[in-house]
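Below: the structure, in structure tokens.
Chain nomenclature is as follows: A, B and C, assigned in order of appearance, with residue numbering initiated at 1 for each chain independently.
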Amino acid sequence: MKFLDYAPAPESRALLNLKDDYGLFINGDFTAGRGTPFATINPATEQHLAMIATANEADVDAAVSAARHAYDGVWSRLSGSDRGKYLFRIARLVQERARELAVAETLDNGKPIKETRDADIPLVAAWFFYYAGWADKLDHAGVGPNPASLGVAAQVIPWNFPLMMLAWKIAPALAAGNTVVLKPAETTSLTAMLFAEILQQADLPAGVVNIITGDGMTGQALVNHPGVNKVAFTGSTAVGRAIARSVAGTDKKVSLELGGKGANIVFDDAPIDQAVDGIVRGIFFNQGHVCCAGSRLLVQESIHDDVIERLKRRMQTLRLGDPLDKNTDIGAINSAEQLARIRELSDLGQQEGAERWSVDCVIPDNGFWFAPTIFTNVATSHRIAREEIFGPVLSVLTFRTPAEAIAKANNTPYGLSAGIWSDKGSRILAVADKLRAGVIWANTFNQFDPSSPFGGFKESGYGREGGRHGLAAYLKPALRSGSRSIVAAPENTAAPVSKKTVSAKKAAK
Amino acid sequence: MNRLAIPKTYKLYIGGKFPRSESGRVYEVLSHSGEFLANAAKGSRKDARDAVVAARSAFRGWSGASPYNRGQVLYRIAELLEGRRAQFVDEIVKSEGTSDSDASAQVDEAIDRWVWYAGWADKYVQVAGNANPVSGAFFNLSVPEPTGIVAIVAPQGAQSLLGLVSAIAPALVAGNTVVVVANENAPLSAISLGEVLATSDVPGGVVNILTGSPAEIVPWLASHADVNALDLVGAAELDWVDLQISAAETLKRVLSPEAGEDAAAPALSRILAFTELKTVWHTKALL
Amino acid sequence: MTSSPLAAYLPDQRALALIGGEATDANLRRYLHGIPGIDAVGLEARAADLGSRSIKTSSKRWAIDTIIGLIDLTTLEGSDTPGKVRSLVTKALVPDPHDPGCPRVAAVCVYGDMVSTAVTALGSAHAAGGAEGVNVAAVATAFPSGRASLAIKLADVRDAVAAGADEIDMVIDRGAFLAGRFGQVYDEIVAVKEACRRTDGSLAHLKVILETGELNTYDNVRRASWLAILAGGDFIKTSTGKIAPAATLPVTLSMLEVVRDWHHLTGVRIGVKPAGGIRTSKDAIKYLVTVAETVGEEWLTPHLFRFGASSLLNDVLLQRQKMTTGHYSGPDYVTID
């Protein structure tokens, strides 16, 4: 027998108790949505999982009111240490129910159980644990003494790391004393609903966190609601622009975490086997549905052929298939829509003249799948070198000198991430200095930690999540004064540093 | 017998030089009591475009200079301002109609603020940046870096010099380069400041000063894809919401207008508003 | 670079061709230090990832039997006696007295002066290089330290070969390696290989023990691996098992990567033997996965992969019994050797 055809090693679904339908989580309880409910499916099999509610404008309003009420009446009056205790509870509950959450996430999103179990869910717990400890130490957030929370935060998250994105949003907001209305992505609302159950188990006061499911209209209504003080969005650059436009003239603080076309730069002195692993991790982890993916390989021309050969050999060991199988490396694409987009851009790549190579895998009959693919001979002017594909597709370009690598890496409106592979410390540091990217990995890739700020330069967005700076995103200085002794330092957002009267002309807008 | 004075021509300050507006236009600058003071250049969108080009050219050198070097350069500007106190006081008295002592107080405050900001150049990184205690064998460091080109609408009301200084100094501290649209009615201090900059060690293009109508010029800066941030501190009287919407197209970092005594008050947050936090992970291993 | 010409060369010609000159310290250093380095964090993460594979049911059954067939059952104690060696040999031939279907191990590994005892004890089951039986591997060259004159180390080898050893597990001179005397390390391996020659002209199979725990860094292990292969070793082996750390998954992975690259470069297949510290079948399975996913399944054969182990066999047998009976087994149901 072929050993490498590993026998099935499925994770059990038994520990999951899915309901047939889920409502909106508002004011501590589940309530029916007033919009039309919709189905969520398992993208690996296209099987129905559950019905999810749609929040209409009235529901959004109810959620924001609940959040406001909870903010005014309860949450803003709690001590930091009490807020911290709730967050610690949540962290522990996530750890207790970790396996169940991992299975649910794999079913709803399509990503392998190996990733949800070993990456996503542990990071969720870690994020809550990290921010729990900040709740009573806000003086040290870098916003000056006694900083104030903002109020109600509207948070809209994407489908690529559903529960993890939820944690990135909710944990710092709550630690800083805000209340939350969060809208999960349409195709991946399940773990958010399970999380709502966890909030009930944690006995979190009603209204502090509200989770409203729905579609793009729900998200829009939430972001545009006049009753929110902060908007936090992770998703496409196009929607990010729309949000930036819609908050113009309001008091809302905004942070945006948008797309990217990260350059993974491999120098001729790179630790070659680890670099190949890093390339694979950079673009095939999570099926390439990663904003900070290393979707452009910039490899030094002198080692191009060797690297590509090694890369292809390494890619042959990637196993595509049932996401619930513990040996699966590449899961399903999240939706038919996303699959169509990946296909379209890949076909474009071929038309543009790049050379396409894909892993020879057995594609299951049902579900949405795309074999890991690389394009070589990609030029900087090719669209597949510039546009975010958001799938397991790598564009390979070459460079001759470090300066050229930097220039090519920076030659994009995006600026989220980059990777540097070299054995030379001085070069790594110098290249890192010059790359215009918010997160840079040297001899590694796609590492995340709650203490490490994450976010982009340029059109990849602004604001940071994680770390002290991620906390500061949900705070404002205690008071504003002309005195030089005030060292208030909010993070870099589009929001006003201070708000004064706006002339009547503006009020009409 | 009264000596015939030689009136100064007030031109734009772009790329370290003093060009007239490419449009050839000027506008009358009147004193507080309505007397003719000067014909100031009326900057056009092409002047704005040229200013952005100059600012981009200068960015690499300015952001690449050591913080100590930037601090010294900024401090020298304060030295030169101090040397030119009388000129600035005189211009302010004429433009704003203030008393000598009020004008002096404004100039003093402007200089002192400039010194305060200069001193931050080699320190703000220590306050805003930090190592991050990540899990795993990694050295992880977050450091604020300059955003790039900052377009600024200087405060348009009283205290034109102080407003201008308060608006541009913080952006420069972090290594950004600046295109500033001066106080429309009282632009003279701005151009005199340009003269100070031109005779200091500030490389050409680091600060670019446009006089004229903010309502005409700023929209071109707000929509310019090579401008990275937009400080609308002095834009309260403009259609600033439209400007913010326009800036959203390229995801610019935007600061909203401020008004009153407190506008652009000195704060570390003003420096940090024009920085981007970069976080780098390094593997570390003995084997 | 095409592989076929290099495949046909004898080791010393091949080495000359690749290094571009004589095997001096300087030339070897230039060559070995030109090989891409290793990032330890990345290597260890890859090993951990390979170790997280879930090998179940039919795959596990196959893995268990394969592991047994790849074991060099080992006793290397000062207190070894003929009685001990005979007991070991019996176990090697019949690992599970309750199940005659249980495969035999690949070889027994003993000190050179115990070789004749082992050969006699094996009797007709002695493979003598054949596919069916059990080989006799002897440690030699003043194992484990290697600290003796070359003459003594070579005599050690010749004695073991003369006594009937099919395989020689030599140790490299780690002191020489760490001091940069790569030429000396190279020459010694060449000399040992020659000392493996029998009167009929055939060669005993040479495994080169790097003692990775003393070489310390992964880069050193990588360079020593290349050096051993250049010099003519048939197998590269991690450890003597006498110091810690012995074999680890990341170290073995790095050696497999060398073997992979060598095969790609020359067409020649070199074997890998992790030894020491592999005590559980769970661990051993991780190694099988690592081999399969790094160099390919065809390496999972005694000619190209061995486990140097003593207590591993019993744990594997316990697992095998559970797979057969369906219930957990216990120490009373496996034999001590």
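As a convention for this text, a residue touches a chain if its C-beta (ideal position, glycine included) is under 8 Å from a C-beta of that chain, and two chains touch if they have at least 3 such contacts.
The shown structure was predicted, so the numbers you read here are calculated from the model rather than taken from an experiment.
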item: Contact graph of the chains (line, ring, star, complete, other); value: complete
item: Comparison of A-B and A-C by number of C-beta pairs in contact, larger one; value: A-B
item: Whole-Å separation of chain centres (CA-atom averages), subunit B against subunit C; value: 70
item: Whole-Å separation of chain centres (CA-atom averages), subunit A against subunit B; value: 35
item: Approximate Å spacing (C-alpha centroids) for the pair subunit A, subunit C; value: 46
item: Residues within subunit A bordering two or more other chains; value: 443-444
item: Multi-chain contact residues (two or more partners), subunit C; value: 39, 41-42
item: For subunit B, residues that touch 2 or more chains besides their own; value: 136, 138, 283
item: Subunit A-facing residues of subunit C, complex; value: 36-39, 41-43, 45-46, 52-60, 62-63, 66, 257, 288, 292-293, 297, 300
item: Subunit A - residues contacting subunit B, complex; value: 126, 142, 237, 240-242, 244-245, 248-249, 256, 258, 413, 415, 428, 432, 437-444, 447, 449, 451-455, 457-462, 464, 467-469, 477, 480-484, 486-503, 505-506, 509
item: Parts of subunit B lying in touch with subunit C, wherever the complex brings them together; value: 136-138, 283-287
item: Contact footprint of subunit A on subunit B as seen in their complex; value: 116, 127-128, 130, 132-136, 138, 140, 142, 147, 225, 228, 236-237, 239-242, 244-245, 247-263, 265-270, 272-283
item: Footprint of subunit C on subunit A - complex, ascending; value: 1-9, 114, 118, 269-275, 277-278, 317, 326-327, 423, 443-444
